[in-house]
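What follows is one structure encoded as structure tokens, with my remarks underneath.
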């Protein structure tokens, strides 16, 4: 009974193997078979999406090449998890990827992205903001190119401040005073004072870091140890909690992310907003309730620090270390981060380029007069700690900071607990 | 073939699967918990009992333990009380029994993620049914650290009461009505009937339900992870959620395994303790 | 007596109210977007299938439904197949250490998933099984198999030994007896065990969330938890997806209630 099946297997197996081998050979076929590059990126926030146009242009420059664009999920944490799971175990199904700037050192250390040093001439490197190139350099090598740039800044209602004779606040206690005075005068119970992102996620971490930096406190010292200036850090945290307790900020900012805070400000229901540059384009859309009434300013300072310490952010483009089309993938990265492409992106979407030269470009400034002012802000911007372990640190610290913001822990306790947790983490990383 | 050899032949596949996927991982997680292990950065070093020593003084761990304990105690107590009540109400059911059971078991059979999304919507400050029924109050159930845990417990009780109710109901059905007549009480209703006849007979099955539910509550993960993510500010972060975050967010496989081992030991201790209690009950009964 | 007749429908109504959260979600899935936030009235002005349309055409749910169905069916077959054989051996054949093995099975049902997820993750990674059906089939089976073995061992023991002895007298070997006498009799029990295993696999979240990365193997609970929302959360679409995710469990509870109940009770009462 076992004979017939055995014979079928003996005959079938070689045929099966041959088909498999033949199928697998398709990739290494001669010209005429299209090469597909897979480009993984998040949906671009803003009025229009410039990416498809750029990709078609690249395809036109390289006949026989197709660039397949694939969207990432919306949440930054989920994007990271997606990347980790796919890059960790073998051949990821993409060639070029868009990375949050804070992931580049991590991905470089993990060996997932290609070293671009030999592909990118020094002049091209220097054409970007130093604070954008810095996080992409690890062990003296360049691992990604900046695609667009972000910096934390303060939005304010020019009409309201003008009405009460205020200039944009340079210190936070000035901001608080202005909020009180304006609310007294406007007598509108639905007018919120200062909106910011306090939810327990990376955005919330950014807000806390900016408050630390505004008071002259750092998260890590040069040796990588946490909270080198604990008293100032405490003050910063107490200040943020105080904003909520005093009503300057509504209680729901502890659940607020970028979009949840942008909307009320865009509907005219807040005086100040801390956010990223993308929001400005949305405020200036026709039909917006605050069109023409929004100004940008550097973030204020706290007693022990300086103002303007907005966090830099943005996305970089990197090439997967396991890609089968190295040269083409690197070309795509250089193309998308080139002067021309970034110009197209600035025109089409609510994005800001990582090339300082574009901020003085006549055509771009004509469309968006805020660019020169933004240049100053970008240059004063401060990157988050540049370490492969940044995300681990952030996810360890977020719950502690969140506990202070919702009033569940005192700043002292939170910093003590946070220090203990970071120390434990560092024991694993750097014995 | 001898019976003995056949037995092993039949057992082997199942034992192999379980050995490889349950026993081996159980031992492996213990081994992992004694190491500094971060696969992404190829960190693999001996740590000894460092993780456990840290957990002993880690406020986040004790907070999670407290949340787990509170969640388990309150949830299980409510489920058992409610489940018994539902079973008593269901006992006299003559018609549409299948429909009644279907409605009851629906809550239990749904995927926990579905239940989480369901309650997340019910608890929504402006779009949720709960606030609507309360007359339009804008209570932020899942965003207020004081309210999130009770809200979570309510969702879990809704989901698991049917199981307890079913067990009690099945037991109640086996109580012959003659017992009530023999006990000289008026029918099966009323407190004396309950206290003297129903309760002693239903108690053993309630203990079994208590065991199952306690073990499940200690291990619960899906509901709190999807409903609140452990927030706000850790007020609903159980040991399982803490372990998950350590493992897959901070990628500390060694540390996360240590928390997992703690949950493991806790569950096993409770299981053994309960089983001994039940055995003693059965012996005295 | 009239009170008695009123009682049954009242209890039924009470239970319908108990299941109200689910019905509310069903209603939400038919409520037009504009009427979701804020909630102004209980019953929507009109019913719409737009959310189901979005779920079918623009989300990953259809693929997730296929994944879940395949994984749950295969995992159930594996668990019941291996479990029936093992249960027969434990119930009827001489096995040294039988008590210990059964105790081990019971202990295995109490294992917390959070403890085994990290070694299993490393294992799947080492074998390149991440984002595959096989990983989840194996992981689910590891949890349902002990329960199945334990349930079926109990069911088999309930079968009078006389039947098997009669078969032996007729000259049938052990395997033949298993195939032709025992299995048909324990078939309802296998159905019960299988239903429980299927439900577990369909509802399983932790392993599925940790071992899958793309829609190649994403199951329904994971797809639901990661339901995409670009700016705002699409509550109506999520409700529709939730309803779809609930179809097999509802079907089982309604159509196979007897087997389900039997399985649940047997698991609990065999202490």
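By written order: A, B and C. Residues from 1 in each chain.
We take it that a contact is a pair of C-beta atoms (placed from the backbone, for glycine too) under 8 Å apart; a residue touches a chain by one contact, two chains touch by 3 or more.
Computed from a predicted model, the values in this text were never measured in an experiment.
Farthest chain from subunit B (centres taken as the mean of C-alpha atoms): A. Between the interfaces A-C and A-B, more contacting C-beta pairs are found at A-B.
For the pair subunit B and subunit C, the distance between C-alpha centroids works out to 16 Å. Taking each chain's centre as the average of its CA atoms, subunit A and subunit B sit 39 Å apart. Contact with two or more other chains is made by residues 88 of subunit A. Among all residues of subunit C, those that touch two or more other chains are 125. Residue positions of subunit B with contacts to 2 or more other chains are 39, 248.
Within the complex formed with subunit A, the residues of subunit B that make contact are 36, 38-41, 43, 45, 47, 50, 54, 57-60, 140, 143, 145, 229-235, 237, 245, 248-252, 254-255. Of all residues in subunit A, only 77, 81, 84, 88, 106, 109-110, 200, 252, 254-255, 388-389, 391-392, 395-396, 399, 402-403, 405-409, 413, 417, 420-421, 424-425, 427-429, 431 touch subunit B in the complex they form.
Those residues of subunit C lying in contact with subunit A across their complex are 125, 128, 130-131, 213-214, 226, 228-232. Taken together, the subunit C residues at the contact with subunit B in this complex read 4, 7-9, 11-12, 14-16, 18-19, 21-22, 24-25, 28, 36-39, 42, 78, 82-83, 85-86, 88-90, 93-95, 101, 105, 107-108, 110-123, 125, 138-139, 141-143, 145-146, 149, 174-175, 199, 202-203, 205-206, 210, 220-222, 224-225, 235, 238-239, 242, 245-246, 249-250, 252-254, 257, 260-261, 264-265, 268-269, 271. Looking at the complex, you find that subunit A touches subunit C at residues 43, 73-74, 78, 82, 85-86, 88-90, 93, 259.
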